[in-house]
Every structure is written in structure tokens, then in C-alpha cells.
Amino acid sequence: MATWGSCGSGAAFNQPQWMQIQFNEEKPEFNKLPTKTGHRSLTRSISQSSTDSLSSGCGESSEEESSPRDKLQRNSKGLADFCIKNIDQADFGRREIEVAQQEMPALMNLRKRAEEEKPLSGAKVVGCTHITAQTAVLIETLVALGAQCRWVACNIFSTQNAVAAAVVEGGVPVFAWKGESEDDFWWCIDRSVCADAWQPNMILDDGGDLTHWIYKKYPSLLKRIRGIVEESVTGVFRLYQLSKAGKLCVPAMNVNDSVTKQKFDNLYCCRESILDGLKRTTDVMFGGKQVLVCGYGEVGKGCCSALKALGAVVYVTEVDPICALQACMDGFRVLKLSEVIRQADMVITCTGNKNVVVREHLDRMKNGCIVCNMGHSNTEIDLVSLHTSELKWERVRPQVDHIIWPDGKRIVLLAEGRLLNLSCSTVPSFVLSITATTQALALIELFNAPEGRYKQDVYLLPKKMDEYVASLHLATFDAHLSELSDDQAKYLGISKNGPFKPSYYRY
Amino acid sequence: MATWGSCGSGAAFNQPQWMQIQFNEEKPEFNKLPTKTGHRSLTRSISQSSTDSLSSGCGESSEEESSPRDKLQRNSKGLADFCIKNIDQADFGRREIEVAQQEMPALMNLRKRAEEEKPLSGAKVVGCTHITAQTAVLIETLVALGAQCRWVACNIFSTQNAVAAAVVEGGVPVFAWKGESEDDFWWCIDRSVCADAWQPNMILDDGGDLTHWIYKKYPSLLKRIRGIVEESVTGVFRLYQLSKAGKLCVPAMNVNDSVTKQKFDNLYCCRESILDGLKRTTDVMFGGKQVLVCGYGEVGKGCCSALKALGAVVYVTEVDPICALQACMDGFRVLKLSEVIRQADMVITCTGNKNVVVREHLDRMKNGCIVCNMGHSNTEIDLVSLHTSELKWERVRPQVDHIIWPDGKRIVLLAEGRLLNLSCSTVPSFVLSITATTQALALIELFNAPEGRYKQDVYLLPKKMDEYVASLHLATFDAHLSELSDDQAKYLGISKNGPFKPSYYRY
Amino acid sequence: MATWGSCGSGAAFNQPQWMQIQFNEEKPEFNKLPTKTGHRSLTRSISQSSTDSLSSGCGESSEEESSPRDKLQRNSKGLADFCIKNIDQADFGRREIEVAQQEMPALMNLRKRAEEEKPLSGAKVVGCTHITAQTAVLIETLVALGAQCRWVACNIFSTQNAVAAAVVEGGVPVFAWKGESEDDFWWCIDRSVCADAWQPNMILDDGGDLTHWIYKKYPSLLKRIRGIVEESVTGVFRLYQLSKAGKLCVPAMNVNDSVTKQKFDNLYCCRESILDGLKRTTDVMFGGKQVLVCGYGEVGKGCCSALKALGAVVYVTEVDPICALQACMDGFRVLKLSEVIRQADMVITCTGNKNVVVREHLDRMKNGCIVCNMGHSNTEIDLVSLHTSELKWERVRPQVDHIIWPDGKRIVLLAEGRLLNLSCSTVPSFVLSITATTQALALIELFNAPEGRYKQDVYLLPKKMDEYVASLHLATFDAHLSELSDDQAKYLGISKNGPFKPSYYRY
Amino acid sequence: MATWGSCGSGAAFNQPQWMQIQFNEEKPEFNKLPTKTGHRSLTRSISQSSTDSLSSGCGESSEEESSPRDKLQRNSKGLADFCIKNIDQADFGRREIEVAQQEMPALMNLRKRAEEEKPLSGAKVVGCTHITAQTAVLIETLVALGAQCRWVACNIFSTQNAVAAAVVEGGVPVFAWKGESEDDFWWCIDRSVCADAWQPNMILDDGGDLTHWIYKKYPSLLKRIRGIVEESVTGVFRLYQLSKAGKLCVPAMNVNDSVTKQKFDNLYCCRESILDGLKRTTDVMFGGKQVLVCGYGEVGKGCCSALKALGAVVYVTEVDPICALQACMDGFRVLKLSEVIRQADMVITCTGNKNVVVREHLDRMKNGCIVCNMGHSNTEIDLVSLHTSELKWERVRPQVDHIIWPDGKRIVLLAEGRLLNLSCSTVPSFVLSITATTQALALIELFNAPEGRYKQDVYLLPKKMDEYVASLHLATFDAHLSELSDDQAKYLGISKNGPFKPSYYRY
């Protein structure tokens, strides 16, 4: 779930400097910018839950740290071509997958509908995504549709080990575990691409690291690749850069900008997860609390809507006058951060920008103020300014730090400024289902497209497919669509079966 | 306020048959399609309040019907170059204009800012819009900016006579009154265009009738026209047709598809006016009532939101699966009309389509069911099917008809199926202010654009202007925008002053 | 609809000033207990809409003022025993009554159920209430149940003349018209009580004036009276005073404090009417507006809920910490009037108190601020302070005054500080149905009660009857009650048929 | 937090059979009714969080089960007069207490205000409540006010061991741990009452078990007891029984029925915890889900409000027509369980009744339906009917069971039908603060009351104290109360300082 695309302030333009050169250099710039934890921040490409949804969203399991790379494991059929934490957790992971299936009806439906014709028969998909129960449902759907898959994690923290075990037990090679080192990360990618007698012809990527690796190490493979499906803002940005530079040699599908993904992953998902993330970490009561939400894009809209609904008094900051006017009409006071910072009980950043909350603001917050980020990476709150000698950090719970000022004032910082909903809450399977279904359809489309339909360029998902994804999810709500009569369709000048709206329609 | 653009079902594609040929023929097709009342239905171009907001929204004044064309009037300065109902109502109209000014701060602000430089100095604007207090604020702003104006009504019913009088008293020639005949309508347009020693160089149109007339009768004038600003769906459609046919010889600005207009005129405006329209006509209580809203575009979204907020149980019908999925996530059951028609207390059409509610549905409604239209023209409810001998019509209040079935069942039809919010409620001046400000800025832009910036084509308002319009309205809410630092702007890859979003951003 | 009972601040204790002189004549018993104040305000007893719901809520008809007392009229059956404005308006009034019937299903239901047994056979009811379409439905229900009725208005302004005509045409003597003088008022009451060969044995009162008159002028009648049903706060207060003084010689039923009346007349009714009243008078847009609501009792809760739902930013003032805490939990900032007065776009009083908004506040309001009262009588806004020479009053619409400060600032005062919902909106028939049904049941109960069940005291409606009234209204919503099993009822220790809650339950 | 008092169906009448005789027998009836787990169900007296809020709400720690009774521990000052799990956890518990303090400003305020005069100086309080961080704040406030305390748990599961350790380290003897046996339970109570040279003179009870024990075993102590403060429905019921039987020999304060407790513990608390409890257990998405809420008392109102706000479609069942009518007006369809059971995605019981959801309903639910209880004890869902051989139970997560029908259908049962918010979510400290403050004030009042003010009876908290509790909590919201002028107070007939409402006011 990439939340950046619709953050308050022009996140879609977001172009971290280092990224612009990353495909041009031997050594990608980002490798040079280690975070405090000693490995690159992968959170930029987190687009699904990075948390282990089994226990609480904030669980920090203390599994011992012997490397999976050191041990040989086999699944019950003897398969050894994988590398995960512990194959013995497969049963537990299977249960989680089954739970997820209940909320992912569209993929299950796709399995049923398409099972016979196997539209992915012959497809060899290498995938690089978060490895969660929901991804497992996607992978196993692709297999049901005829594909052969190999999978790797797009994030060093987000793998659900038990789920990985279940997928492996099901026969799909997976190379991923929670808590990889950076070296592990690239080693796993490498292993997922290269296999005896197996060469990928489709790429499903989330963040662009897999694509990048193939470009760097196995350019010859690209000749066989029929298409790339990319989900994240970052990965899409990289593809457009490649395309601009004339170096994109494979048709690519930009899944990130589909309507369903934008509206559902951001607006609706954040509406649900902001409450969850705050409750699980702080048990805070929402009623009557004064909350400051920075940014009124889709993410901010979702957060504001939920908090207001639960009785909070919400203030908004914005730089874009159109979004600001929407906030006004929706009943929120739009003020500058400095005007309300003293009275805020919670401050939530949703801008997609950097240094939105800085030390000056933090200094003026009142005792007990909760600060967290729903927007983008970990840039929105200026954490560097908090790592100074006069401030004391105290971890009071997992993902919850008290930062203590010399006068005793405590600020409650969640998830160290990383994305709250990825760190401290779970993402509803249903929302992920929408994205996963879109990915599956994009793979089918690219794999089966007649020669020439797609050039070596980046494509948006046809609106009709967007509509198809939506329609597959209506059954969950027992919703019944109306149908246009011939006469009505003619009156509107559209086809009875859609697409029903022009491409620029805003929804 | 054109509500169609964002109705549930692809209204933007809306292409009434007759329209497609109208510019090709001597006699526009629409003249051949008289409505029952003996003149063409002008409601297609109603884009503002057609009601007299002085008394109640549903007032039907019974002014005697002697034609203004027959009498000579003069304003207090001796001006006789106008044709309105009664110049003596000017004082009353002025009061209404003053009330409107309080809710139109952006135009007042524009007057102040631009008064000195007179950016419209030299502009001769002929305008064809609804003539209401809000339009008067626009007209007088244009004058303050340096323009000379002549004005005419775009709708035979929507003129506020007192306001027209006040505008005339202020020195602007107006040719319009409430209750024109079709002949009057074209006569007025003609008079507005032709004046001694005055030739227009700018057109402000709403519906395209004025533009059409100039094309037909005074094509030579077009050479002097620097630009056309068009607000309505219909007028914009006509312009695109002209453009496609290579006949557009003037740059034109499509105001209809600006963000602020779409979101504010539709979503927010309907949220307010649906309650108002229903209350003024029926005094109905909303709490607990079962309401069926057909269509979940912007208009439907606005209606559903307000009705739910006041305690109604709302059901939605949709043909577009994406909108349907949004309705689900927003907490509405999506069903077919036939599934819930029996239990509905109210049925509201917001589709932009035709024959959405037909006789079969009406036959199955329960006694007392209220039926009205918020969507498009008067096509959504199949009125023809209700004009049959077995059904008795009884007018119980202005704009309220009881249609009585043989068994005594009564259906309450509002505004004879025409747009409820235009017929039975008032439109908040603030919303109209957004549209009017956009029109003023579009005129300024086209009038002052350097040679060559605009070709003979249809243009969308630059996003930056959209943002400017929004920013001018923030003062009303005492809202304070945040500003990007240089560093932040760089990080986002945008200018500090906007535009802040890419063109396809959905808001 | 008496809204006072649940206003923010102890409205139940409320005793208007000028009431104290009205009884200074003969000296009625409850005159001695005058309320701390002085003369009566007739508005104190307004408990239903005082407006003519036919046209707009704010219509000010200019009917000529010849007194109905001077002319003899007859209905179509020759009846002359009545005094109303104009019997010829009966048809029009009948239509309004029919419209009201549709929203008063419980009374219609009662007619059907009880028609055969005629539980009011032999009852001679003299009633003194607002005379509106909804009252007409009550009166005609009483007649259908077997009663003989004579009716009079409890308020000199609130009579709907056409409705009065229709009731008379139906055979019930009515003595009331809109715009009575005080002398007319008592003359009408007198005429309603005295008739040849007709003596009342039941009283239905709203405000206590009828009861008072009988006590003073016809004490001998009291021997025959089987019961008094009183609806208003004031009337109930008077009855308790009589009872305390040992002078109540008839059983009386306090309808005002029934749950359904309190919650529905106040909370839900105000939720609907605040929007309606503001729109009809000012066409104001709610979205984004800053609204200050004084008092968070039931009335304030209803107003706040509706305004927030439509996108307003609402602030609350309160004196009671419990209500203040509720406001906080419901998401409203609780502040002092002086803290937010400068930024308010609207100020609405709902306290039941006096001089809540005073000149000092009015002086500090911003230009265009709308001020109105939903709470109590006309005491909440200090009007006296506005009638000074330096302020100019300008009536811009019916019920809408601009008060203009020397510097040009305009404050928009609605209904001259009287109750907005009674002056400028209509009250939903459904809400009135609840009260009217309660009155009918109270009459039936008192009339049929076995000797001794009720002493000469003031009684609350048995909770079971409250529940019965509620149950009669559920059909409107097609709501289906569940039933307790024997086992469950035993477990809860209650009867299967109710009452389901202890008397102190707060709902 | 006792939620029963305001459940849908007359919970206040709730009189479990066994209770009525329990004080008459040697062996309390409840001892004879073992639950499946082999010890009596103590959940009847759960009135606060029974969960360990440290980790997730659903954590089931697997601490080894050696009995604390077997080991001798000492705190750092050498105190050995206590029995808890592990004194070493004190630091961790202290941190939790500090977190709780931030949300319990009223108690902290009370400490400051009353510290000097020590109004509880001389008080010896024996307390029996849930032992949580919030209780610790209460206990330490009592100590700060001058009291000597000994404490014991009212529930065998709800003790937070670390908190107990911190309280002991602070010097207060505590006898409680998570997972006591029934024998442990009574042993602990006994230990708390009896101490060398220490006899209690005040009782703070939650459920009545402590009071019961003193009555049975140490009746002589009662002579010294100045008062009992009881919080729970059950305990209050027992006190009224004693009083009726003439056996209550000590003044008692019924804290349960105070306004703040009823409205805040139930309505607002459930509004927050229903979402939390469902998310933590199932990660379910609320948007668009069809939810059936049984009962529309305060608990049901809170649940419905939150679920609707997050986009669920909510249906209500009710037996009480008044509550049903409220549900209608609030926008919920009121139906019988059997009418909607097939389409529900979730079923939530809030009735206070028993066997509301029975096997017949469970058989008809759809696959994946989530079933849980927010209402009362564990009686609402007929669990017995699910323990049959054809159904398979599968624990998928802590507190989450899948019950699998022969055809594969799975029902998701939460917390085995026990109270969801106590088992699977945390209760906001702020809400508990209100109750705890009330308890503290009740202790102060009873301890300091002059001889004769309170007889041997059960008293409600004076309304003025209720208002005082509320006022102490306003600072959290930075809320500012308005004050009545002398004139206004006189007008309303009340004191300037309250109480502001009559006792029967419903809020």
C-alpha cells in the first residue's frame, strides 16, 4: 500500500534527488545513505503491511538471529530450492492465508473463473513484494491461473515468516525472511531470478529493486520478459525515468495510478488504520482530543474523516489552496502548524513532504502530545533534531518512544516516525485484495496481449480493467449493479459494459 | 451550476442526439422539439438558481403578464437601452445583491485588488447567463475591472426581475425577465449583441445559445472576439463539436471542468441543497426515512452524505462498479432499483441519464413516496408515463404534485421532475462565487493573453488559476495556508507557489 | 413543541419576566405563585409550529384585519357556532390536513384500532392548543374515538386559518384566528368553554390558560371534569403549584415530561429544524462556517449534530460541567462566548436562560454574523440593547433584520430573537404526531380510569404508555420489534410486554 | 466499567436467580455453578479492563504457573505483607502507571488540591477492584489524600502483574495476580482484610465479593466501617437486597448510577472500544460491512455510532419500542434477528439479556461471520449450543475461535462470548479516570460526613458531586465553562454553582 501518491502536497512529483541517477551508476546512490540501523531504508518501497499480523501489529518477536542462509531446509515434498526462516511454521502460515482468503473474494473468484483456461499458462513470474498472507493469496492465484512463480521480499522487515513457509510448502520457491541484512536482500533477489532451467518472462515488482537488479546483472533476460507490473510510486517513477532515457525495453504497467488503488489504498485504508495504529500503540481515547493533521490529500482525508467521526477536534494544515478549501467545506479549520501546535494532543503528518514537523514545533508541543506519520517514508518528522544530548529517549512499549525534555515534558513518538499504519496496525485484507487483483489482471493482460498492443513504454491500466477489478469486489458487500438499457447507453454515448467514465473523471 | 458533469453514469459523455447536428443546420434541431409548454426546454442550460430567492424557493409569483417588450422604461439616469420587467424594483434588487456580496468575498476581493489596473479596460463583454443576485455581483465586478457589459438571460424562467432592475439602474443594459417566451428569448439575445456603436469583443456564455446566435447571425463579429468563456456542459460540448469540425475561430475557455467547479458546484452544493429542496416543498422529516438515491457521482455523493448525516437510511443504485464500490465503502447498500423500490420513502435521481425511474417503478412505490430529480434536465423520471388518463394529478403546493393512482395511492412529485435544487431551493452564494470568480479570471486571461498563447481551440483553465480561485475563497473560512520552504519545494520537485498537483490528480 | 425543557441550563426552572403582571387582575391561584417574573408571554406556551406551513415558513400574509368577531359565518351544514377567519378556506385547509395525516400514522392507526369501541364516547373535550394541520389530525382522531370537541388557540399568532376552517367544516366548533388581540384571546377561550347544552368533562391544555379560565370563571364546571391533560412546561408548572397549594381538584396528566416528547420534540426535531430555519431565512451555506451554539442540552445537541454533519465548525458554551463534558466527547470545543465571538459566522442560543448574548457580544461580532435563538421565548438575546439610536435596523426579508452599526457592520438577526424553528421553519408532522398521540392516550386513560386510580394530583404518563406511543410510530420506519421469550423476561425480571426500563433510565 | 446498566433490554432489572439467595446461604450459590474452566465465572463483576494493556489487548502470556502463595517476596523497603506474581516487575509497572497518569488528570488534580488537608487522613481503605494501571493511580491518590490502603483483585484474570508489583513497591499491600484459582481468590480477599494492627474503616468494592466476605467472616468489623463505596451493577444490586432485608448496617454509596459513569463508561467507551476490539482480533475492514447490533441501549448506541461512522451498514434489534424509535431516528433499520441474520458480516450483542443469539441463528449465518458480545457477562450468545460434536472448534489466534460446520462454514467467535472490550481491547484511561474520581470523592464524602447525614442505606452520589467530577475532567479538553450571572441564576431558580439540572434530567 503506497500512501504517498495522494498525500497532501504534490507527492506525485516526489523526486528524491538520489533517485534520479540511480540507474545510471554502478553503485546506486541509496546504498551510500545508510540509516542509523546500518542498512538502507527500504521503507520507501513499502507498499503493504510490513507487520506481522498474527500477533499484535506492534509485536516485536525476538526470534533468534541465526541466518536462514546457513541452513538447509526441505518442504514435505522434498523441495529445497528456497530460503526462509523456518519451514516448520507452514501450518500456522496456512491458517493465516486462509483467514486472508475470506477477505479477498475477487482473487478467489478469479481462480474459479479462470482456472480452466489458465490464462497464465506458460508464464514464469518472478515477484518482489512484501510477503504477507495477502501476497500469498495472490501468488497462489497466479499459480492456479497457470503461472510458475518465484518470490522475494521487497522489504527487509516485512516478511511474515510463517506465511513464507506456507507458500514454500505449497511448492513456490520463496527467498525471504523478516530481518534480512542488506546483503541478504540482494542475495535473495539474485536467487529468485536465477534458477536451473527457469528463466522469468514476467516481472511483478514493488519498488523497482528487482527490475533494477535484472537490468544490472541479467540484462540478457530482458529479451524474454513480456512485461513488468509495478505497483509503487517509487518503482513507477523509476520506470518513467528509464522510459524517458530510452532505456525501457519492456512494456510496463503502472498499477499505482489506477483509481481503485488510489482511492482504496489511501482514502479508505487510512480511514481504518489511523484509529487502529493509535489505539494499539497508545490506547488513547479519541473523543474530545485535539488532533492536528498535516496534509489533506487522500491520506489526510481518510485520517480526518475517521478521527472526526470518533469525536476528535481536528485541525488541518495545507499548502494547496484547493485541498485547503475542501478541508474547510468538510468542516475542518485550516491553520498553520505554528498556530495550533501548543494545543494539539496528537500531530499526524500526511503530506508526502519532508521536515513538516521540526524541532521548533516539537519544542512547543504540550506534555504528552503524540506524534506520528501516516504520509511518506520517515522524512516528515525531523528525527535528526530529536537525537540531541539534552533530550532523553525512553522506549515505553514496542514502537512507542517517550522523548523527554529537560523540564520533564514528554512527547510520545510512534514508530520512530516511520509509517504508522505499516508499523503499528494491520492493513485490511480487503484493501490489499483490490491491489492484488489489479496486479493479477495486469499480468494476464501483458502476458496475453497480441504482439504490438504494448510498446516499450509505461502504461496505465485500461479503465475498463479498473472497473472490472471493482466489480469483482462488489460481491463482498452483496452489492448489485444496475445495467444500462440500450437506449440509455445510446443516450449517454457509451457502451453498456463500460468504461463508464472519461479518463479524467475524478471520482 | 451545472450538475450533470459528475452525475452517476458517465454524464460527461452525454450527447443528446439533437445536439450533434445543431451547428450544421439552418434551424437548430432543438427548435423542432417543443416541450409540452410550447417552447423548448431551456432547463438543459440552467446552471444557476432559477428561483427567486427573495421569498421562498418555491414561490410562484403571479405577476401580470404584459410583455416588457411593449413598454418603454428608463433608469434614473435616463438610460433606455434595456428591456426588463420593472425598473422600479431596483431598490429591492440592490438589497439582494448586497446580501449576495457578503457571501462572495473573492469577487469583492478581486474588485479591490484589480480596481486600479483595470485589467478589463477595453473589454466589451456580452454575457448570457442566469440573471440572479450572484450574477449581478459578477457583472458589477467586471465593470469595476474596466469592462463594458451587456447582459441577457440564458433561461426563460430564471431571471430575478428585481435584480435585473438593479443592474440596469447601475448602468448595465440587461435584456431579460422571468417568463420569457421562446421568441422573447432570441429577441433578447439579439438585442444584447447589437447596439449602436458597441460591438462585443468577449463572450461569456452559459449553454452556448449566445455563441450559437452570433455564429448564425453575426459571424462577422467573430473576428473581433478575443475569447469565449463557457460554463455549461452543454455549451462546452458544442464548442468541442465546433472545434472538431474546424469551425471554432476563437479561443475558448472551458470553465465547466475546473476542479473547483466540479467539486464545489456538485458535491458540496448538492449536500446543502438536497435537504433544503425537500424541506421547503414537503416539510418531510429525514430521520429514519428510507431514501433511494440513483447514481453515486458527485451529485449522488453529496445527496447521500447529507441525508445519512440527518438520520436517513440511504440506498444507492449504480451502473459503474467503481462508484458502486465507493458507495459500499461509504456505508451505503448498493442495490437495483427494483429491489428497494417498495420500501422507499423518497427516490432521488442523480444519474445524468434518462428514464431511470419509469412507470413500472412508480407503480410499485408505496403511498406517499416522494420522487424528485437532482441530476439532469428533466429526463431522469419518465414523466410521459405519468400523463395517462387513469392517474389524477393534484397540485398541493407550488412545485408539489400528488399523482393519484386509481386505488388512492399518492406519489409526491417535486418540480415536475426538473432539477430540485434549481426549482425548490436556493444555491448558496458562496458556491456561485467560486464559479463566478473562475469566469472573471478566464475573461481576464483571454483578454490579456499575448498573441499566440491561445489558438482557436478549447482550453481548460490552467491549474494555477484553479488554485488561485480557491485561495481567494479561503478568507471566508479564516483559513491560513502553509507555505513550502525552498527545501521542501525542491524535495517535491514543484514550485513554491504551485501548481501543487499534477493535472490528473483526483482530489 | 416545547423546547425549553431540555435546554442547556436548567430551563425547566424558567420563569419569564413579563409574565408576572398578566394575572394581576382577578388573581388566579397560580397567580399568586407567580412566577418570579411578571406577565405572561404567549410564546411561552407555543408548543407547535406557529407558522403557516402552507407557504414558506417565513411567510407574512397580509390578510386584512377586520375582526372575525364581527361577522357571522356558517359552514356548509349550517353550523354557526364557531369564530374563525374565513370558512371559505376550508378546502385548502383540508388538503393540508391530508398532507399531515401521511406523517402521523400513529393517530390514524389509533382511529382504526379504537374506532369501534369508541373509548372517548361520552367525552366532551375542550381543547386549547396551537391550531395547525397536525392539531386538526388530533382533534379529528378524538372525534373518531367518540369525543365531542370544542377548540381554541393557545397562542394569538399560531393559528392556521385555513386549517381552522377545515376543522369547522368538519363539524367541530373552533374559536381562533391568526393575529388575535389579547381580548380576543380570552373571548375565544370563554366561547369554547360555554355552549348551550354542552359542558366539558375533559380538558386538553397547552400553557394552562384554558385551565386558568375555568378555575376563575367556571369553577363549578370542575366538578364534572374527569381530567386535565397538559403539555407545556409552563402549564405543568402551574399545575404543580396548584397541587402544592392543595387546590388541584382534578387529576392531571403531565405530558411534557414523557421520554418521547423530551427526546423527539427536542433532540431530533431541532436537528432537522435548525438547518431549515437558517436556510429559509438566509440561504447561508453551512460548509466551513464557524458556528457558536450556546447550551448543550437536548436542543443544543440537536443543533450541533446537524450543523457538524453539514460541515460547520461548531463551538459550544455551557455552564453545566456534565453537558460540557458531553460536548467535548462529541467533538466540540467548549469555550466561553467571549473567546470565540469574534470568529463566529453564526451564533445560536439554546440555553433556556436570559441575556445569554448581550450587547457587548454583539458589538464584537464580525460583519455578517447571523444571530438567532432556538432555546426559549425571546429572552436569550438581549434585544433591548439593540434598540438604541446609534444602531439602524433594516428589514431585508421577512423575519430577517440587518442591524447596522455606525461603522457599517451588519448583524443578521432572525425572527427578532424569537424561536427560530417556530418562526422560520416547519416542524415535521411526524414529531408532532408523537406528542399528539401521547395527548390522545392520556385523555383516554383519564377518561376511562376506574374511580380512584387517579387522585387530585399531577401524574406522569405511565412508562408503558410512553412505550405504546413509541410502538405506534415504528410502522413509519417499517421497524420490527423483537420479543422477549418467557425465559428471557424472567432472567431480566421484567414483563414480556414492558415496561422495559426503570423510571430513571436516561435513554 | 460495568456495561450492563444501560444495555438494550432492561439490564437494570437484571436479577440472576442465584444472586437473590446468595447472602442467605453458607455457601454462595455461584460457587455451585462452575464454568467450563473449572472455576466460577467472575466476569460478572468485571468492571474494568481485564486485559494486560502492556502488550496487545489479546496477549495471552504464558507465564509459568507456580503459585505466588508459595514464595516469599519483599519490596525494596523490606515489606513482605503482600502476595503478587513478581516484585521484580515493579519498574515496568511504574512506567505503565505513569502513562496512565497522563490520561487521568482529575485524580492528579485531586492529589494537588487535597494533599495538604489530607481528607482521608485516618481512613483505612480495603479495596477490591480490577488491578490495573488506572486503579494504581486511584490507590496512590487515596494514599496521597491520607488513607492507608490494602488491595485485592475482584477478578481472577484481570490483574496486571507488573502494576501490582509497582503498587507494592510503593508501599501498599496488594494480594492479587493474573490467573488466580477460586481458592486463591478468597484467600487473597481474606488476606487483604486481616492484618496485624490494621482494621479497615472504609470499603471500596467492585462486585460485592469483598463486602460479602466481611459480612460472612468478619461481621464484627462492620461496626467500624464508616461506609461502602460500590461500583458495579451486581454489587449495587446486592446492597439493595441487603437494605431491603434490613441487613445493611453501613451507609453505602451507589457509584454505578451516576450520570458520568453511565454515559461515559457505556456510550463513549463502547464507541471507542468496539472498533479496537474487532481490529485487534480480526483485522476486519469496517467499510461496507453489514453489522447487526442487538440492543440499542447506551452500549448499543456507542457501538452503532462508531461502526456507522467508519462506513459499516448497521442493523439493530430491540425489544423496547422507545429505544427502537431512537435507533430509527438515528438512521438504523430496526429488524428482527431472523430477518437479517443471513446477510450479516458481524453480529454484536449488547442487550444485557441471555440467549440472544442462539444456535438457530448461528446455523443461518454466512461463512466468515464474526460473532461477539459487548453486553453482559457471557450469557448473550448461547455457547452451550456450539459445544456439540458436529461442530469443530479451531483456535486461530488468541481470543479468536473458528467454529466449523460440517459443510465447512466457519463462524468467527471472539473471546468465547465474553465481553469483547474487556477481553480484546483496552479501556481508555480517561474513561476510567471518571469512575475512579467518583470513587475517591464518594470515599471522602462518606468518611467525612457528619454523624447522621447518611443512614444505613444505599445512596446515590449527590448530583453536585457528579458535576464536580465532570468539571475536574474538563481541563483535559482545555474546555472553559461559562458562569451564570446572579441575575441569570435567579431567573433559572438555581444556584450559580449548581446543581444545574433536576435529578431526573436525562442528558
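Letters A, B, C and D mark the chains in the order given here, with residues in each chain numbered from 1 onward.
Methods note: a residue touches a chain if its C-beta (ideal position, glycine included) is under 8 Å from a C-beta of that chain, and two chains touch if they have at least 3 such contacts.
Keep in mind the model is a prediction, meaning the values are calculated, not measured.
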Contacting chain B as well as chain D are chains A, C
By C-beta contact count, B-C versus A-B, the higher one is A-B
Averaging C-alpha coordinates per chain, one finds the centres of chain B and chain C separated by a number of Å equal to 40
Among chain B residues, those touching two or more other chains are 268, 287-288, 290, 311, 328-329, 333, 476-478
Contacts from chain B onto chain A in the complex sit at residues 6, 9-16, 257, 259-260, 262-264, 268, 317-329, 333-337, 339, 352-356, 379, 466-468, 470-471, 473-474, 476-485, 487-488, 491-494, 498, 500-502, 504-507
In their shared complex, chain C is touched by residues of chain B numbered 53-59, 95, 99, 102-103, 268, 271-272, 275-276, 279-280, 283-290, 306, 309-311, 343, 367-368, 396-397, 410, 425-431, 476-478
Per the touch rule above, chain B residues touching chain D in the complex are 287-288, 290, 308, 311-313, 328-333
